[in-house]
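Listed below are the structures to be examined.
Each of the next two complexes has subunit A plus one other chain: subunit B in the first, subunit C in the second.
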Partner chain A sequence: MRTRTGSSRTALIALMLLPSLLLLAVFLFLPLLRGIQLSFYTWDGVAPVMHRAWLDNYARVWSDPAFLQALSRTVIWWAMHLGLAVGGGLLLAALISEIRWRRAQTLFRSMVFVPHIMSLAVVGVIWSQLYHPTIGLLNGFLGAIGLDNLAEPWLGSTALALPAVGVASAWQAYGFYLVIFLAAIQAVDPALHEAAAIDGAGPWQRFRNITVPSLHNAISLVVVLAFINALKGFGTVWSMTEGGPDRSTELVAVYAYRQAFSLGDIGTASAAGLSIAVIAVVITVGFNRWRDRAAVGR
Partner chain B sequence: MRTVTRWHHTLVVLVAVIAGATMVPVVWAAFSAFKNDTEIFGEPLGLPGHWRWENFRTVWTSGNFSTYFVNSAVIAIAVTALTVAVTCPAGYAFGKLTTGRSNGIFYAYLLVMTLPGEAIMVPTFYQLREMSLVDSRVGLGLILVAGAVPLGVFIARNFFRDLPNELIESARVDGAGDWRIFRSVMLPLAKPAVLAVGVFSFLGAWNEYQLALLLLFSQEKRTIPLGLVQFQGQYSADSGALFAGIVLAMIPSILVYVVLQRSFTRGLVAGALR
Partner chain C sequence: MRGRLAALLLAATTAVALPGCATVAAPGTGSLNAGGPQDTSRSLRIMGTDFPYTDATVAAFEQQHPDISVEYVKGAVSFEEGSVQTLLRSGSGPDLLLVNSGPGRVGVLADAGLIWPLDEVFATNGLADRFDPEVVRQTRAGNDGKVYEIVEGLDVFQVYYNKKIFAAHGLDVPKDWQGFLDTCTALHEAGVKPLLAGARDNFAGGWLLGSLVQSSAGQDKMRDILAGSGAFDDPAVVTGGQMLADLIERGCLDGGQAAALDGGQAEAAFWRGSGAMIVVPQGSMANARQDGVDVSGFGAFPMPRRDASTEAVPTAGLALSWVVNKSTKSRSAVVEWLRWLASPEYLAMTAAKGRTLVPAQVVPAGLTLDPAVQDGVEKVAKGTGFNPSVYLPDAAKEAWYQAVQGILTRRLSPERAMQGVQEKLAAGR
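This part shows the complex of A and B:
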């Protein structure tokens, strides 16, 4: 009797898990395996035969200046994401948490979060129009306050396009980090702040010495999330510039996409993609290890 | 005391300005949807003097947005229903039926969340082509469900785990089996989890851009985000119509967010902080 219910429970568990496991296996795990396989072959995506290339594709990618430039742009992109989206989200969350009217807090949080619920394509198109040289809001605004000389063809300039797209992306993302930080700040014991205020600590000192340290977990989590999110620049970049002008906004994901679908080089495209996947996993796992060890040490 | 109040008022004004500035691009896009090019440039943030609804007619008919809108709606609704149907049983199994041994499988779900999909876009295309799922709305829908599975299982598992075990025990005394207990006792209590999973999978599917770009190429299969970017390239002379397209793409996301905001924020914070 007992074994029968035991085995029927195992069968039920298996049935309840099966659909989700199957979906992950077919649509995430198989493509990953396919990517590993393709990265070891020379293939144009069309020909019936593939030629084995072993590690040639990796060697070619890592010695391709275009890839290395895309990689350094991805690092810049990540730094912008961290500074603007995460930093901005943290600062504004600290400010909002100081507001004593509950309704106002909720209202401001909701407003800032609105960009995050929009499609990256919508964000890309809105900001492309905003940066538009003639009808764009930004140049119009600069003209209206008499700063015509600062007006630029933002997305048409190889120097400005990457920061311009980065700002659009940070605008979309910062409300997300803000909501996480705000929840974490509100979980901090208010008695700490009151005690510090009685001791004469100003807002900045309290932010620096109470809020930031008690957000240790939330901040380290967000840094990992931000790292993963920053690798996802593809949608914003593609809808705004397609990697241009003159490849100046070509992040690694864009490089891989072009390598495959413009140049027909599936092997190096797969090798480039897997290279950043490995970097992402290593950094995420390494960071978590370091955080756990630091937490044990304290 | 007075300095405290003054600091508080300054703070509210400062935050209001930042939050307002964040909304400017959205408001500008919404107003511009009712203007023509001259008005967009001349009165960028003013209310439209004459509400040009014809911009919407232009995108809806000659811009093909009627097709895109239906495609996006069908895909998003199907993805939402499937995600809920797949993740609730799995979340219950992890939350109530299994013991420590299966934690390994659960953490495998979480690990998948850290894999950047962008890194395997190209192989994903060739894998799906081999399964005849490219240029297919079914293929796009299935891969979107797969993408929503890890976070969905996570939310559902945490919710079911926190429900009291006494409910299960008293149902068992009444002679109900595990499936009956899940279906008739626990699932009806799981409305908050279902809503949280539903909201984020709906928004994810409605907003999805890059997989649609990768996998769909027929005009009649395109979703709204894909159609919008393409429209931007083609109709650069009619900005009002482009902004009308932006508004059409935004409305369902904003409606869902406004109506179900609480479930959404709860799911988000749960996903990020636990």
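This part shows the complex of A and C:
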């Protein structure tokens, strides 16, 4: 009797999981397997046949200076994302959590989340206009306060374009991280802050010694999410610069797209995409293991 | 358990990734109709640009052919973004697509057997007589030399200039390259932006550099190079790149700003009067007129030749073309649509309702076109050069765009930029 109940329970679980598994299979696992397959073949995306290339595509990608430059830019991009979106989100979450009037707190929380629900294309258009060299708000503002000499063609400079797009991307993303941080901050026992305040700790000391350590798990989660989001950085870059000028904002995702569709080289595009996916998995697993060990050590 | 899962994943991946044969069918091949178009349907699905005349031409076609229903899906389909290939490879894509023209795009689709050769349709319906023979010659895009596209229109690229700004500074249309430089310098010294460009989305940067390269090398040499009997690192072509670098060096063109703006932003700035000159096709002026801009204060001239003794001609290129999905099940309906595209009625209707492309058809006397488009027709009749972006294969085209951005941002010397194009061109061939 118990066995029959156990079987029907298993069947029920399987039945309930089936729709999700089917969706995952169709939209994740099969494309992933196809991507792996394509990375071992030479194909221009239109020819009726593909030729086996073994590991040639991987060798070509990893010996291509453009890919290596894209990879280094992706690391810079991730660092910017971490500093601006995650750091900014944490700072703002701490500030918003200090607001005692609940409605105001909700209002601020909603306001900062708005950019995150915008499509990346819209974000790209908004920030392209802000950075417009002649009619953009940024250069206009600099001119209005007498700093014309600081006005730049932000998206036209090979030195400034990546940071400029990074700021736009961080603006789009920080609201999401902020909500995670805010939820974690609100779970911190207020008595800790009160006790520290009685002992004479100022706001900065309380933030550094109570809030940040209490957010260990949230920070770990957000760092991993930020890492994965940064690796996927494509939408904002493509809508604002298409990887230019002169490839100065070409991240790995943009490199893969260009290889696939501008150059008709699906094999190397797949190899580049899978390479970055493997890097992401390795780093994420490594980071999680380090975090778990650190947690045990505490 | 974890090890078993990993082994299973590895086995599945290997099974999918590396079947026995060195050559395998590409994804989607099974859904394609290898036998060519069938004729079992009288409905047409068309995907293409939303022109001001689209609705009218579709309605007129349906009125002439009550037994054919047309669904026109409006929206640009792009080879560079992969949508054309995906639609055709799906096996259930539209019957007809309006795509960017040229061997680097249509030729690739033709060689892959995804689109239908139209020579027989041309021959049996007398369509060849309706089109400019030079245009038909250029549409033999595939390796087999057959016609695979019906060209909707051409672009003719010239230097458009603001007459009021020129008059205010006592300037005339320059007759040679030195005159062009002098004009730019005078405008720059007067605090006017001499030349605008928007290279962020590549196309417009290619128009500018293409005009300069032709100014230096001439259309005959460029025709030879694009046809495969010359090299992009030819000194005359490199000089064209150097001319772009010189414009930046003299303050005639703000390279950083050109790299920051896209083509549309630069055009908008020009028609607002924010700069004195820009290299654009006729459609820019025609569109500006349709948008209510008073274009009477603007004019156009071909980029002056570097060699003052030779006459300047504009660059030009096929713009958009109709291609037929080889998997269509509406063959006779498709042929009717192609006959309609080639008809004088279609041309007249598009001219009356806002055509901005230079027609590929033979233009009958008395047809009223937008003045900018009419100017393009006349320039084509006298002879034009080539916009390299249209005629370069994809990898070389990408290198060409890199050359533009590299020179604009001063990260590439003209020599290195053109060598990059030549390397990709040679590898592609």
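Just so we're on the same page, the second predicted complex is superposed on the first by the 283 of 298 C-alpha atoms of A that agree within 3 Å, B and C clash if a C-alpha of one lies under 4 Å from a C-alpha of the other, contacts with A are read in each partner's own complex, and residues count from 1 in each chain.
One rule holds for everything that comes next: a contact is a pair of C-beta atoms (placed from the backbone, for glycine too) under 8 Å apart; a residue touches a chain by one contact, two chains touch by 3 or more.
Quick caveat: nothing in here was measured; it's all calculated off a predicted structure.
Contacts of A:Arg34 after superposition on the shared chain: both subunit B and subunit C are touched. Within the superposed three-chain model, A:Leu92 lies in touch with subunit B and out of touch with subunit C [touch as defined at top]. Looking at the shared chain after the overlay, A:Gly156 reaches subunit C, while subunit B stays out of its contact range. Once the two complexes are laid over each other on the shared chain, residue contacts for A:Ala253 go to subunit B alone; subunit C is not touched.
Residue by residue along subunit A, subunit B and subunit C are tallied for touches, and B comes out ahead.
By the document's definition of touching, of the two partners only subunit B reaches A:Ala269; subunit C does not. In the superposition on chain A, A:Pro133 contacts subunit C only, with no contact to subunit B. Legend: residue contacts after superposition of the two complexes on their common chain; A:Leu23 is shown touching subunit B, with no touch to subunit C. Once the two complexes are overlaid on the shared chain, A:Gly45 sits against subunit B and subunit C alike. Of the two partner chains, subunit C is the only one touched by A:Thr241; subunit B is not.
In the superposition on chain A, the residues of subunit A contacted by subunit B and by subunit C overlap at 34, 38, 45, 134, 260-261. Within the complex formed with subunit A, the subunit C residues making contact are 12-13, 16-18, 21-27, 29, 32, 80-82, 85, 88-89, 108-109, 111-114, 199-202, 254-261, 265, 269, 274, 394-395, 397-398, 402, 405-406, 408-409, 411-412. Of all residues in subunit A, those touching subunit C in their complex are 33-34, 36-41, 43-52, 131-134, 152-158, 241-242, 244-248, 258, 260-264.
Note for the complex: subunit A touches subunit B at residues 8-9, 12-13, 15-17, 19-21, 23-24, 26-28, 30-32, 34-35, 38, 45, 92, 95-96, 98-101, 104, 107-108, 110-115, 117-122, 124-130, 134-135, 137, 140-141, 171, 175-176, 179-180, 183-184, 203, 217-218, 221-222, 224-225, 228, 231-235, 238-239, 253, 256-257, 259-261, 266, 269-270, 273-274, 276-277, 280-281, 284.
Those residues of subunit B that touch subunit A in the complex are listed here as 7-8, 11-12, 14-16, 18-20, 22-26, 28-29, 32, 37, 40-41, 44-45, 85-87, 89-90, 92-94, 97-98, 102, 105, 109, 112, 114-128, 131, 142-143, 145-147, 149-150, 153, 177-179, 182, 203, 206-210, 213, 224-226, 228-229, 232, 239, 242-243, 245-246, 249-250, 253-254, 256-257, 261, 264-265, 268-269, 272-273.
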